[in-house]
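As structure tokens, the structure follows; a few thoughts come after it.
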Amino acid sequence: MKNIPWENKPEGKKDIIWRYSKNPIIDRYAIPTSNSIFNSAVVPFKDGFAGVFRCDNKAIQMNIFAGFSKNGLDWDINHEPIQMQSGNTEMIESDYKYDPRVTFIEDRYWITWCNGYNGPTIGIGYTFDFKEFYQCENAFLPFNRNGVLFPEKINGKYAMLSRPSDNGHTPFGDIFISYSPDMKYWGEHRCVMQVTPFEQSAWQCTKIGAGTVPILIDEGWLIIYHGVINTCNGFRYAMGTAILDENSPDIVKYRTKSYLLGPAATYEMVGDVPNVVFPCAALHDKDKDQIAIYYGAADTVTAIAFAKLSELINFTIKDSL
Amino acid sequence: MKNIPWENKPEGKKDIIWRYSKNPIIDRYAIPTSNSIFNSAVVPFKDGFAGVFRCDNKAIQMNIFAGFSKNGLDWDINHEPIQMQSGNTEMIESDYKYDPRVTFIEDRYWITWCNGYNGPTIGIGYTFDFKEFYQCENAFLPFNRNGVLFPEKINGKYAMLSRPSDNGHTPFGDIFISYSPDMKYWGEHRCVMQVTPFEQSAWQCTKIGAGTVPILIDEGWLIIYHGVINTCNGFRYAMGTAILDENSPDIVKYRTKSYLLGPAATYEMVGDVPNVVFPCAALHDKDKDQIAIYYGAADTVTAIAFAKLSELINFTIKDSL
Amino acid sequence: MKNIPWENKPEGKKDIIWRYSKNPIIDRYAIPTSNSIFNSAVVPFKDGFAGVFRCDNKAIQMNIFAGFSKNGLDWDINHEPIQMQSGNTEMIESDYKYDPRVTFIEDRYWITWCNGYNGPTIGIGYTFDFKEFYQCENAFLPFNRNGVLFPEKINGKYAMLSRPSDNGHTPFGDIFISYSPDMKYWGEHRCVMQVTPFEQSAWQCTKIGAGTVPILIDEGWLIIYHGVINTCNGFRYAMGTAILDENSPDIVKYRTKSYLLGPAATYEMVGDVPNVVFPCAALHDKDKDQIAIYYGAADTVTAIAFAKLSELINFTIKDSL
Amino acid sequence: MKNIPWENKPEGKKDIIWRYSKNPIIDRYAIPTSNSIFNSAVVPFKDGFAGVFRCDNKAIQMNIFAGFSKNGLDWDINHEPIQMQSGNTEMIESDYKYDPRVTFIEDRYWITWCNGYNGPTIGIGYTFDFKEFYQCENAFLPFNRNGVLFPEKINGKYAMLSRPSDNGHTPFGDIFISYSPDMKYWGEHRCVMQVTPFEQSAWQCTKIGAGTVPILIDEGWLIIYHGVINTCNGFRYAMGTAILDENSPDIVKYRTKSYLLGPAATYEMVGDVPNVVFPCAALHDKDKDQIAIYYGAADTVTAIAFAKLSELINFTIKDSL
Amino acid sequence: MKNIPWENKPEGKKDIIWRYSKNPIIDRYAIPTSNSIFNSAVVPFKDGFAGVFRCDNKAIQMNIFAGFSKNGLDWDINHEPIQMQSGNTEMIESDYKYDPRVTFIEDRYWITWCNGYNGPTIGIGYTFDFKEFYQCENAFLPFNRNGVLFPEKINGKYAMLSRPSDNGHTPFGDIFISYSPDMKYWGEHRCVMQVTPFEQSAWQCTKIGAGTVPILIDEGWLIIYHGVINTCNGFRYAMGTAILDENSPDIVKYRTKSYLLGPAATYEMVGDVPNVVFPCAALHDKDKDQIAIYYGAADTVTAIAFAKLSELINFTIKDSL
Amino acid sequence: MKNIPWENKPEGKKDIIWRYSKNPIIDRYAIPTSNSIFNSAVVPFKDGFAGVFRCDNKAIQMNIFAGFSKNGLDWDINHEPIQMQSGNTEMIESDYKYDPRVTFIEDRYWITWCNGYNGPTIGIGYTFDFKEFYQCENAFLPFNRNGVLFPEKINGKYAMLSRPSDNGHTPFGDIFISYSPDMKYWGEHRCVMQVTPFEQSAWQCTKIGAGTVPILIDEGWLIIYHGVINTCNGFRYAMGTAILDENSPDIVKYRTKSYLLGPAATYEMVGDVPNVVFPCAALHDKDKDQIAIYYGAADTVTAIAFAKLSELINFTIKDSL
């Protein structure tokens, strides 16, 4: 297995998750047309890594782009957005595409994103090679965001987390799970996690949404999600973790009361949308006990942070609500 | 076939749809616990009619009740709400149930309603006899309302209209269609009808929602839906019609620019929610060229109105947007 | 001079303004296409009366229609809306037209209305005969409503009252005056009347707007205007009076603290927009000391009320803020 | 003891509370200046009854007026508002006064009302004879409404229910209790009753407020309060009951899940504020097992309803949440 | 002609507009009383430059101040605000003055600004020498902002762009044009540019407003305007360009889909109002193919950016919507 | 007396208040669990200083912590929040505690804070030694914030400033005073200071709140308070001063029109809530003519600023509204 990006924890640092010292790893202007590159997803691919990136152009049109990297830190992002071919349906429109996630299941890389079809909903596509992409039916009716597939079937069905929303800057939002026999029809919707009472854990009291692809660990499915508090000057997005039951992932076994990474670096607090830390992907190496988390910062740039996988799991269990 | 309720158009009346002279047919206190009985659905059943009724009790808890009638005008509504057994899933919670529709497909009566499951979504159930009822998986994730099934499969699949919503008094809303091979998993979501521009047809410029079960006519599927305008003193709900393509019902062939019945009778203008006319069911007799439309009035009582089916269709074509 | 509509004050009645006993004088369905007929304006014309009426059709498209009456109570309203020809400009679009006022100045009848041009603003037109109508430049930029012309030039210029607004159900609004040398270019804008403090006169604390054409009396210009209070269940529109300085009509000499007619009859409290009394025109006969006020009721029908002109003036002076 | 107003329950009526057949008992124009007379309080006084009435005048200024009645149904209300003298403080301003309650404690009649002092708060005054009135310190800081005194000291202190609010049409609100040794300084604030979850009892899910003066019964303190649901067309106020612990009245022993009287009569559904039933006072006769409840209807008129005291208590216990 | 401020484009930079390396050129505390100096306008004057500056003082009172500069980069701003004398009207009040623009027409420097007169509207004044200033009638009724005069008459009339608004932080706004024969009366209002659909060009989808004085080029009138997107954490203002038809400037010939300068420097992203780039003036030299754009940054400081005029025009044509 | 923290005014600086050069003095992560430490209060204690600090933990739970310092700049803050014992009441719940103030009166240190009890209200406690803390009755009903005690009794009673609020990000707020004979019951509520008109002093036009404990000076009570303006991108908090009458502190003798310290340093403009300067305590030395003001910055860190006491007083008098 190739090495995932890594940098040791700074001396004396007590935090479970720490930032890469050279953040942000992708600048807002990294491709000629871009205004911002953030909320993006990467996976191991061949002898390196591939990814699907949200690059808003200077008209602030939102679209997703393929990119490649040898080391997971330096990225070549295509200058043209992904052109989809029809997958399991005739081609349907996409007014916009943003906030992609990528999951390898069985034989291909599945991509989910927020797809503009009479409002935001969850688009699904797949690729074998990050060159040819196929677009399938939207998973759900609008309005929905943050659709994240599990990396393997559960009880014989595909499973997806998502966050039902409204058609604006949704001031509410819980995480649900849905199942599909075929990536075309979805059902068996269950509520997984709700926002917390303000008094108990305010950083996640306004809305929450799935972030990274769930990682199967001994205790179940480890997820890294975002939570939002509505301050008098806007939303503040931070990052937490939870562990879902392996076979019944609508059961939350552990969920952090504390956020694990909140906006505190300048590139997280200043940008097109101040005070946003938004995880969309993670690479992990169980042997090395390493996890590298990719996250959008301030809706402007892409950053990376690291944790020891065991510490992250232990903290999730220990700090659980 | 039994006779549907009917009363001839009053002399000199030019309207396509006219009210029953003895409206409302069901009073708000028709059963001992009720605060209001409205937005309810009826179908032919045995030698008469059966229905599923929204009866809010005096705690303003919303639930659905079975009822029976010989003539479609005088109704005996059960005093206890429907108790569901599990259908195609383990029993899932229903925080509330309201706005039912009933459709006979193949061998049974399918019921859809607004089901409270972490917000409003579309509940599905069925009965063979209006005594035993079975609850299935919710069709969609929240937030959704006004789920209406087609009375037969289209291209081999069940088809349902619905209106994605938010978690409050939704100030927007278009009609979508979704398909299912099995009444459990749903997909192939398409937008059918959107709200109209204010200048063009203001009565349906804020939100619209499917009402009665589609009726197959020569021109396609006739639907009677509600439209809403947001006045400075609240929402005003009126009733219009449209005809959808038979095989591709996401294609709207005709849709009335004018409303066909709006709040103008006292029981429609005064009540728990003033100015509401909300169709949920229709009985029709093609031979007699008759249609009887059941609608909730002012979120308080149930009323009925009549039309000549041919006139209704012709008007829909002639007055089309 | 022809007789204006009149009915004596009911025995024992103490109110300054009293309703016509056969109100409403124009029903919501008075012409075949109409949903509602209200907020309309009338003037003496030939041996009777003519008017311009707001008739919303059943698509709830707003437009203005000419009408005629022998006695000012029974009206024949044209079934087709007014077709404008170009007046002092090339024809400009009107997305909608509503709330007309009519003023005779010099040689013709000037009409002002709320004109839809990228939002509501004040449209201007004129007619000599209520058959041919000519549309001029809009007086102002959007967003504006309730434009009312003075019946003669002031200091050599046309003068118009209006209420700057926003693009929705405006929750604020004061009355301004503007002047024009030519009915094409407008300027010298001055604030005339503002909303009142809640504690002082709450019925007019949310917004106010000019209603009838100003009447020149000894004390100055008598105007009948509407005032609005925002209750927890919506706006409530009532009617008051004020007297403006003859030569400097931005100076308010008297203004009633009390409303003179508020929604209390059923046709004023129940309708498409409950609790609206909205004056748009008045006929007066100084010799007989009579005034007849036309007003829209509940945004649905047209009604008329009467007062002794001298009592109305005296009350305005005596009850002044 | 004098007879309280009474009318027997109509034959066959099952409701616990029934309306007086001649409602409303006080018309909106019952005194010359009034626009509306509602949300008012009465007590036994001498050989009849006295009361303090909210009469909004035609400027919609809110003030309180004394009134007298022989039979509790026919009222003579003073034409001038109550003029306060200073009680336990120098005179403080009252921008407005509304929604009075009256309680006899020890030697005098205490009046509480919503007092405008930089926002709504609870004013306190007293009278011995309903001729001379004395105004004391406001009980609380703004913003507060619906202050209701207990008719006797509890644990040696005066006790008052109230509903903390905001400075507008407050969309939230729970009932609290506060204590005072001297009617001047208040403290020991405790939450008594909160709004209910929508699914459980929606009529009281938006806000609640104390209504009538608590009545000491065997089970504790019987209170009649209002609850509000926010429909898509505004607030709907209904009436329920609760029983508080005699010595620790912040403990709710019983509280109705159902409303007992909701807006259903025309004068409750139509008026300045549609759909309001708002109890402010009750007369009871334990020997005759009678209670007469005074309530404002549609913020416009005053009405009365009756119940058998024992039935009311039994229902409160049986229907308790 | 004197030299306009200039700095060559940094090596390798691809952007059409680039920032001055020593930005901001005017600090928030540049005069003793100021809290912020921004959204200001400059013109060539004598052997240097003069300008009118928005300086909010430390009470956050908004006013306009004259200033002078030899090189257009280093400015001496008067410590006292401009005192107006009456121009073409008696002096009218100005509750506040902000966001000035300056245009030389015929024989004098015309100044337009957002003038507080019962809400924001467009004030007009002139000066010959930047010492004596004369205030004229407001161009329009409230509510309006961003009034910008054309530098010469069009078809014999003065022409002004403006943005009708509401009385708060207006969440909408299109650019209109109006004409005047005399700088006193205005009419012939036409809509010039509207906000764009979110999917097409989101940076200008919430509101737009004219910025710099139009520059006559071969293709018509080049304007530099601001556009706004409403993110979940507030408005973000960026800068774009358009070219209007020379003789019918309500016709937009070209308009950039992309923004040309958006908030990305710290002084643009951090300040009293984060994420604001707001152009108010430009100096250009056609011979040298240079343009220098003055803009407010974060509602706090004044900055300058440069472009090659030909590149700016070419981009506007090429990137047009 | 011990030395209060001090740093001389920078050469050439004209501001009355200047920042400490090493701000912030307390970092957001100064204790292991903290997300932010701000809006905190200090007093002289023994041979140094003690304080009560608002430390939000990483679950964003708000609580107050004791801390100690030798020099007022370097602080040791306890890692565990203050555990209260019951004071003058049985222990009442605190859903959260934030924004403490500390005042020494007679024999002990009184602490007030925003206490979560069915919404925010003013909690009261005391300590003799900053080790044992006693919690008393809440001063007021919800909703209230910014309760600040006077350091001595006034006319024999305890006196407290506070700001009645709502249950969210209150968009309004004036300062009131209340009195208590015993720290248990409160009354004699008077309005002290209201927000200012926008045109007059916009930085304090949305809401204001007491900050530091009043300081008795020759002219009366000097208070340092915060004022808020609502910009299009959120609230901006700045700091001003006022002088209240010594014996009747509801009388404002002087109040600055200008703010004295506004968000301009990076740590004030960037953080969890951008653009916040929030004073909660001050140390002063009349002999040395020094005052040191502690304030929260950006709801994230704690900073300190200095002034010459005489200059501060003179400015307050000279710049008074």
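Note that the chains are named A, B, C, D, E and F in the order they appear, and that numbering of residues resets to 1 at the start of each chain.
Quick note on the criterion: a contact is a pair of C-beta atoms (placed from the backbone, for glycine too) under 8 Å apart; a residue touches a chain by one contact, two chains touch by 3 or more.
Predicted model, so just to flag it, every value in this text is computed and none were measured.
Touching chain C and chain D together: B.
When the contact pairs of C-D are matched by residue number against D-F, A-B or B-D, more than half turn up again in B-D. Seen from the C-alpha centroid of chain E, the farthest chain centroid is that of D. Averaging C-alpha coordinates per chain and comparing to chain A, the farthest chain turns out to be C.
Chain A and chain C carry the same sequence, and matching their CA atoms takes a turn of 180 degrees, rounded to a multiple of 5.
We define each chain's centre as the mean of its Cα atoms; on that basis chain E and chain F are separated by 41 Å. Within chain C, the positions touching two or more other chains are listed as 233-234, 270, 274-275. Pairwise chain contacts present here: A-B, A-E, A-F, B-C, B-D, C-D, C-E, D-F, E-F [touch as defined]. Residues 14, 198-203, 205, 229-234, 236, 257-259, 262-264, 266, 269-270, 274-275 of chain F are the ones touching chain E in the complex. Chain D contributes residues 89, 117-119, 121, 137-144, 162, 164, 166-167, 172, 174, 176, 178-182, 184-189, 191, 194 to its touches with chain F in the complex.
Residues 28, 32, 35, 57-62, 95-96, 116, 169, 233-235, 270-275, 299 of chain F are the ones that touch chain A when the two sit in their complex.
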